[in-house]
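The same chain A turns up in both complexes below, where it pairs with chain B and then with chain C.
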Partner chain A sequence: MADEKMLTGCSAAAQALKLAEVEVICSYPIRPYTAIMMELAKMVANGELDAEFVHGEGEHAQLSVVLGASACGARAVTGSAGVGVTYAFELYSPLAGGRYPVQMTIADRTLDPPGDFGSEHTDAMSVRDQGWIIGWASTPQEVFDNTLMGYRIGEDPRIMLPQMTCQDGYFISHIPDKVKVASLSQVKEFLPPYSAPHPISTTCPVSHGPQIRPDQGAPMDAQRAETFLELPGVIKEATKDFNRIFGRNYDPFLEKYRLEDAEIAFFIQGAHSNTCRMAVDALRKQGVKAGMSRLRWVRPWPTTEIAESLGHVKAIGTIETSTSYGGAMRGGNLIHELRASLYDLDERPLTTSFMAGLGGETVWLEDFEFMAKVLLQTVKDKRTSKYVYWIGFED
Partner chain B sequence: MKAFDYKFQHFDPVKSLKSAPKSEMYVPGHRTCAGCGPALNYRLVAKVAGRDTIFIGPTGCMYVANSSYLCTPYAVSWIHAQITNGGAVASGIEAAYKVLARKGKYDGPFPNIIVMAGDGGSVDIGLQAASAMMYRGHKVLFICYDNESYANTGIQTSPTTPYGANTTFTPPGKEIPEGKTLFPKDPPQLFIGGHPLLKYVATTSVAYPLDLMNKVRKALSYEGPTFLHMLTPCPKGWQFSEKLTIEMGKLAIETGMWSLYEWENGAYKYTHIPKKYKPVGEYMKHQGRFRHLKEEHIAKMQAFVDEKIQKVKAAAKPVEAVPAEPKKN
Partner chain C sequence: MSKKLPEFGKINVPHDRSVPFGAITPAPVHQQDLFKTSNWRIVRPVIDNDKCTRCLTCYIACPDSCWSFNDEEEVMEWNAGFCKGCQICIHECPSDALSAVPELDFADGVDRLEKPF
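On to the complex of A and B.
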């Protein structure tokens, strides 16, 4: 059964990939995700994992190599961070549109300029419109778990989509935490072998990716969109099975922390939720009805679940950790879709966004206290006086 | 690494055109221009590669004019790659077949994995992926079918477009009378020597089909990366009459604009060396892309070709590397 170890997020990802018996791995170095590939390289070198380890010549090649491998029916993994994620951009749509369920494991990082090693969600968030399944883990344990869940969901014959399993650089990727490493038999029970429905093969010739006429484009786009409508159901199934087999208690889409009677709530994804949870507890001790809603998958976006679980809250603040320059709310990304999800409610919570954790900055307890004050004032005023707060720059 | 029998394929040479395989793996159903050199080239390559073959088609004419949805001309498996990444997608396919074979999930002969890339997809935007694939030693045949321009986008200059060519990005004008001012990249030379695992490189012309087919077979018999630089005249881009495709492929050799050779384990073998080279004007006069050139430009081209001929003569020891073309009756 499960074996508990102290693992960083990178090690946790590598351990899960080993148990998933990945067959083609394509690497390229960029901090901080590199450590995942370093561990996989060792496993292959030691004969612990029978896989082809291909040294890609860049992130664009990494995604191209796994595309080819997945098209032939091999389970494939690659990964990246920061500008590596954006260098690969051409391939995101061909991978999703070609329905190749590869996994890209991300330990996130800021984009340039200026050069900065810090964690930020902007890299992988920039891929959100390309048809991938994308989600952030908040602990090394969740990195391990999401790696397995990613393949299970993405390789489901009803879905067939690539997955981006993300963790915050350094905060998760490089800080060890207790991780229950599952047994191979548990993994095998949860994750069936990958089977490509129409592989590139010599036994049954197929053509992948021929040109279409403009009138054939919309039906294909609609099919991809329909898949995203089916996706929540598949995620629910997979999460339920995962919880049963591995003894966890994940909500498929949102971690709802002390939300039932909350008047103010933080809306967040990734590592800073750990501090946020502590802040909620501290605020509760002070008599403030605070809660937290943590997004597990940003794609597919859980519109219904957000409306159902946050509709009663009076004011919600998003912790953005990514940028959307010139966007509707002048801040990050999460606020747009959060507000859209709440729009059809008769009584909508007030919202504001907090630009926090950019450039790899720690979001401190005091920062959450400041945000809580803003939200409480918003509740009192019954209006949002300011839509964006840049944490650390506000008086 | 443990030894494993991947069941690599090995091919015998084709002795004569008549004894070439009858079955076609590149069949009608495409939309290439009349007289298309790359399409004829594709047919010959696919024919001798046979059924246990996978083609990777980076964006280019042989993608755009070939692969209409639900009506592709490939009788073997084919996958589109971006114009950027033919070498990388092929690497992934090769890696997949290796691991699937080791794990007992595939037990057929190791597929011929062939990238059919245009000049842009080989030595311009596709160069990085091609080079990395060869460097890593994947068992892939990378083909550059060279029609000397970005043709399907409307004839724009590529690194192999010859000096003096009129393309839509190098139009001749008052300030730049010759159109293209640069001399072309030399694809085989980009790869030869810089890739320790690359063992076989050869050039071909569609006008010499037997030579071409045998170089394909030889390349496919190597258990590592190989590269073919294949001259495929383009009636639309070069602006010659579509009935002259083969003639252009011949004149290229006869004038020294192109030479046929193999590079194998570090040694060059030239074939079909003309006893007396024709002037380049004989080749250029049929092609509208050179029509605007003045005598001094043609002289400049001749000087460039003369230098190439000197190199050929210096390096060449004409040998019958592969069965020669049948003599005309």
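On to the complex of A and C.
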């Protein structure tokens, strides 16, 4: 049923959005995500996709437009990269708090300065506390799949939250790979039409986004947090359905690669996991029991799944690809939450972090070999000697 | 894994404190009583009906539509639930019929001092 094509991550996202029959699209150019909007614009112009294509005057406007569209009951999509993601910042909390399940498709780009075009996760990672569902794909196929899964999870009546479906700029967004493009009937079986619970309408007028009182703020925050307690269950359900209908084999939260008997493990998200898998295989050939755990959704963070699947590993290193200047470990973000997830185990794995793939740099096989050496030394020493290693800048 | 991991537990927001889904509410025909916004008022405008000429300048000037004309009694009426005490009406009134009086001078003054938000 599925049609296999060579597609870049951007094309894969556009194909999935077409099959999801998005009704309102709001664009504003910034590379590398722009190619998604270019493809969608072509589809609309050629009559392949019946959607309203709006040119925003900036990213803040883009998110405002999709908020309005979603409030009216339309399935809406927008997207951005790098500083575009941060320019839109004001809208992230209102979109999540107002419960508009729009999708923002991201192809990462470094933030300024210095206007580096390369991929880095810091742009979308900075939105992680705003109440969105956020996750990274590791192949164009997964971009396609996460786009559909994002809408299914976000539009679930129990959830109603916006989603950020991310892919690494260039590594995924601009390198073609084989993608099984699903049929419309498969997509329709998986993804029901979007139904807004209280759409703006002339026959039944409603107010969206009113001023609330300070004593209503705390219960509203608590109600939003409650949704995140329910979210993992809905992600599990949606992933199970997705695997059944599309013939895939996704774990809802973590890809576990050769982890069962692993002594050292890499903890990673996004594109560099492809090299990481090769590094694990190469290390295994040398007799090193290495494994990889790849994060599929950073929000909601899979605390329990991490504790359950990584507890037996002796040393874990995170590959950060995003910055948290001045944070607890003075490096990236993943290490903080990884450590927090493992803290309550009787016997905790030793952990450290590797700053790699920043500014769009490739994380090479040799870099993973270096990280493995550090992790093996950590196991030998039975202690973590450094919180963070800056790859390329270590002795 | 020997020890039982902590749980996330449940969050119990009592019904009387829960906020409508996404704070979306039926559209008010006249005013939105679910979300009153007058509790940051320090002074309120008090009208002198002898000076008032019913010119409706206050009705036009108020950014929150808190002044309306009562047809039966032929006086201007003030809405205490949404007036934020900005005093634009006092400033704009051409006949000096409005004056700012501190909230604490009223028995029903906003209780911000007793219950600071």
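Everything that follows uses one rule, which is that the second predicted complex is superposed on the first by the 395 of 395 C-alpha atoms of A that agree within 3 Å, B and C clash if a C-alpha of one lies under 4 Å from a C-alpha of the other, contacts with A are read in each partner's own complex, and residues count from 1 in each chain.
To be clear about the criterion, contacts are C-beta pairs under 8 Å (C-beta built on N, C-alpha and C of every residue); 3 or more make two chains touch, one makes a residue touch a chain.
Nothing here was measured: the structure is a model prediction, and the numbers come from that model.
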Fit or clash - chain C, chain B, common chain A: clash
Partner chain in contact with A:Ile175 - chain B first, chain C second, else both or neither: neither
Touched partner set for A:Glu52, first chain B, second chain C, both or neither: first
Touched partner set for A:Gln216, first chain B, second chain C, both or neither: both
Touched partner set for A:Ala76, first chain B, second chain C, both or neither: first
Touched partner set for A:Met278, first chain B, second chain C, both or neither: neither
Which of chain B and chain C A:His208 touches, first, second, both or neither: both
Partner chain(s) touched by A:Glu23 [first = chain B, second = chain C, both, neither]: first
Which of chain B and chain C A:Gly68 touches, first, second, both or neither: first
Set intersection of chain A contacts, chain C complex versus chain B complex: 205-213, 216
Residues of chain B touching chain A in the complex: 51-54, 56, 63-64, 67-72, 74-82, 84-85, 87-100, 102-103, 105, 108-109, 111, 128-129, 131-132, 135-136
Sites on chain A touched by chain C in the complex: 97-100, 160, 197-198, 204-216, 219-220, 222-223, 225-226, 229, 304, 307-308, 311, 344-346
Sites on chain C touched by chain A in the complex: 1-3, 5-6, 8, 10-11, 13, 17-19, 21-28, 32, 34-37, 39, 117
In the complex, chain A residues that touch chain B: 23-24, 26, 50-52, 54-58, 60-61, 64-74, 76, 90-91, 94, 200-203, 205-213, 216
